[in-house]
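This is the structure I want to talk about, given as structure tokens.
Chain naming follows the written order as A, B, C, D, E and F, and within any one chain the residues start at number 1.
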């Protein structure tokens, strides 16, 4: 029998044996195809939550279904903006329906415990709505014990870790687009997808306390990143990965 | 001619004279019907941004169209949760379509400068999507000079003001649901809708760094508020109002 | 405890105490932002049904939730047409979804008796559809005792009243756009929003027995009104208000 | 070459020769499958407007495309209600999208003059919306000379004819469901689909001036008809047909 | 009592007597308005499945509801392409919703056995989806014994018949657009809608094993047909009709 | 600069340099998460078209964007049915919107040549519709030179290859679900995801020439496969891969 935590690696017979009781926790990573600066490949938002999901799944004897690879439109103040080349996004309703459909199918298989692991800031509310629609329709089917933990992995980075990694230069999660956090994690997980010599070392942009549409391209640094990844390292990535995996594993175990 | 900033108070002839040039800034408040604790009426999220919109409109010679009165589903960690009595919410797609439709109509009238003033945290991303859809369809109609400032008023409360109001007890905006900020603003704007003696004086709840669905009612304090409004006062409301109106008026003037 | 019939003025605790039994009748006014001629502000379609709802609610110990402020597209032969400045309308599907969502939320609160009070002719069928979708989905949730009275207030103006008000010049409800009925009611309810000296005193336009799309602007009188409001008066408004409130209160009491 | 006015009887070559100039008027009948009492088959709402369309098309050298066979939900006060057996209806949005799609395709063929001939009262507003969506999207495609006449055939029955047919017993169009008008027309057009001996001869029901949902089946006469067809005759049908065909032919000729 | 198998010819009382037990099989033909070459009228895809439905219904004591007259977009390699004049198609979602709505209404009447008889290749998957949505929603209404047979009539033409009709020149069903099969059936059923002297006698086009969008008009033969109908005859039509009716009648009897 | 053909491995700067001219061909694999029998992992429908896309992209100097990982509902006669554990599918409309959104984003980047490589039979028509909607909306944006090749890789398996692989036992593509074709390709591409000893060696099921809904589970072999993969081998996989890559590379080169 396959030992993989990835559902895509299993036969249906193996999968069925694992999920039909409803006790196995199933992780659904949700990411994006989005530019992350001149130094990094374009889907850390998929790769990082997939990697964390796999590690947590190993600890809690869970499984990971394939990530939702495309996410909601990049916002200028958190992702550089949806005008950037390479960034490839869905309408909000499309993403919501995708989440709804996948969750309902997992419920049909017998899964009752889901962890949606978000890797792309802008997805959040459309995931919430997808979960809400799924739970509503499952209720119409008489299924009322279907539970979802929805999280963004960076919310498990504790203040101590932030201090250890950023000293006093933490720009805030909004500015952590292609910055130290994501770059360090990618250096640890997929070093071949990072080219540190191409990091754009600029200060975070100054954004006003509102959004403007259509966006003004000049607000986004030419690099597309919102803070400098110069201080990123695989070592920091290791630390971040550990704190996220530990925190999420514990949270998930307690939640279910 | 009517001196009101409220479009609903104008005749179409008056309105037309004001907006056909495209220069007049039009404010669209977006709120919610949502419980705000045992001490406060249920639509501060409409009343506060409407009041701020009116004051800013007076300063910048703008106009205010009727608020969108119903908003997106209350989230447990920012609004107590959508299971509470009285909270009356729309599906995300419904809200998005409403925004899209209204903006396109304003564009048809000749309006080219919009300020969407959000009063309900959970609305944000669905407003973003509504703006995006409107701009897309207007582009298909050959209209490419339609601009929207989208803001949540509390983002204009400066750090100094936070310190002045909360000393060191600022719970974070997420917890400001029925708390000092909203209650103070309501005491200043609509004192008859606040019953200070009914304030539930409890510490902010401890939420885990994830969401759980279906929500667990026991996570929400029985009051429905997420922080205590005991320290609220009309004076603080006056200060908050002033800093918001000042900040937004300046921002809007600079944006357009 | 607040004595207001307006739900937006209540705390959730007060609201909950009123509606959880399912017996309280809840009124949902539905209007529009629509030009009503050079002599009248642009939302009588919200203000009039809201006022009637409040008066009837007082009689039947009911409550009034915030109006749906934006309605379906103005039709040329009943509202002057959707090309007019100021008229700000929703797509039909958007309005239908809004109604569906609000009704379902009220049902979640325990409400079982709704009166939808329409103030805008063009809304009617989209309200019907919204009610139908809500009842369908509530049925899927096992709720089968949710009842809705859907009415347009002018249908309660009796023939005697029509005769008293119009003598023999009643143009038909279709032509009552910005005419004697609405203007009189506004003179009674919100006199500051009417400028009688600006009434366009023209005969009703001659419309063919079909609609033409895209509409021909020249079919609509330049004023935007479809009949003259010259004969309007607060006194007539008082009479109209009384007959509507009396009739609707009686009808509602009998219906539930 | 086929002499038929029905597009479904033509080859595409014949059709193309007729419509590519944009001058030919194309008729689109819209009906319903709806019970019409114990004495009449269930689609007069398709058959009557199709027959009128064909006759008018002959006069104005136009064409008739296949009818939309299913319509919006029957309303209790105009069609007996959607709870009746046999009545088979679409959601409003489905009907609207169907109209939108068909009109856009006709425009692609080069058609610029459409007459939508409605035979089912409840369809009206969803047809309006379908036309509006089609015109909007055609505009996005640069097509701005696409015109639609939307009509319900009974609006061409003049007062003289009403008097001739009903003497003083005209119940109003709302009650003309399975009554003298429709039955007479069917006796003239499709006598084999009428069984006069089964006419339910009852007075029109007394409806209150509001709708109630879910509908109360007892409001609808057991027959499903809203007025008695006893006085129907082929001769009256002939007269009605003539006045409709004459009136519509003249209106259409003037409109385009 | 009407002996017609067509529901549109029945009164609701007759229909109700037939379907309320749930045992009667109801046929829903689904077609298209689509060019079928210079020699044939444009709705064989409606007429043929309607005719087969009627004949099978007679055998199995079933009924036939009105056809869905407009179908999904013609594909170049199976229908010549949706750029052709006359071809009038729906968006996929529109067709799916239409199917869903009609099936749910039939279920409301008590029907439990449906045969959807498809006459237009491109419809298939959108019909599948419409059936799936209907069954899902019916399940939410507690109806779990609603069954649908979905078929395309040409799948009942046996290999022997193909050999008898085409000898060795069977081009494959994809190319049977306006070819021998459809033309022969129309010659048998509606000879007045075929003009054999206008048949375009060309070999089937050579299509690559992929689709290209936007389609390349030059791939489609100028005639719009994909194979020659020259060998068509009423006699072959009679044979095809018989094999389809026999096969479907047997299949349906066994299925239910 | 990264030499990868996978867009997800590139920085946005690298990607932009490749696509901004519009000449680079971009491949979009579309698959499914679907059971493929007791001997094979659950996403060959993603892995195979991704692998073929990559190989063809190398030949034509193209790029590959991340696959759409979830597809349309498995049909009983081509995929075993959507009742099987593990099979995780989207509603048709969800898939269509996903395709529409991704294609429009690629067009925004400047891409003008797309190859959609389908690996899941049931997706086809919803992909067609997604492409059609994208092209329609791009046209509204003034983009008319955006071209899509849509293909299913198995259509490039030539008759000679079929004979070489199956001798005379080719069951037809419909039955090739978890059979020799897919299993051989997986043995060549991802041998660790195949367990040949678990192949269910049964003859293809006998399906009637219609679909039945809700599906009858007993029609599907207990294994979930529709033909035996016993004769699969990596060598056959190599041959299949080669013929597909060769054929598609040539077709794509000719198409653009």
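The definition used in the following text is that a residue touches a chain if its C-beta (ideal position, glycine included) is under 8 Å from a C-beta of that chain, and two chains touch if they have at least 3 such contacts.
Just so it is clear, the model here is predicted, and its values are computed rather than measured.
Counting steps between touching chains, the shortest path from chain A to chain D takes 2. Here the chain-to-chain distance from chain C to chain F, counted in touching steps, is 2.
Put simply, the C-alpha centre of chain A and that of chain B have 29 angstrom between them.
Rounded to whole angstrom units, the spacing between the C-alpha centres of chain B and chain D is 47. Chain A and chain F have Cα centroids separated by 26 Å. Contacts with at least two other chains are made by residues 91, 93, 140 of chain A. Annotation, chain-chain contacts: A-B, A-C, A-E, A-F, B-C, B-D, B-F, C-D, C-E, D-E, D-F, E-F (touch as defined at the top). Across the interface of their complex, chain B is touched by residues 137, 140-141 of chain F. Here chain A touches chain C in the complex through residues 139-140, going by the rule given at the top. Those residues of chain B that touch chain C in the complex are listed here as 2, 7-13, 15-16, 19-20, 33, 35-43, 46, 65-70, 84-91, 93-94, 97-98, 100-102, 105-106, 109-110, 193, 195, 198, 224. Against chain B, the residues of chain A that register as touching in their complex are 72-73, 75, 91-93, 96, 122, 124-126, 128-129, 131-133, 135, 147-151, 155-156, 208-214, 247, 251, 254-255.
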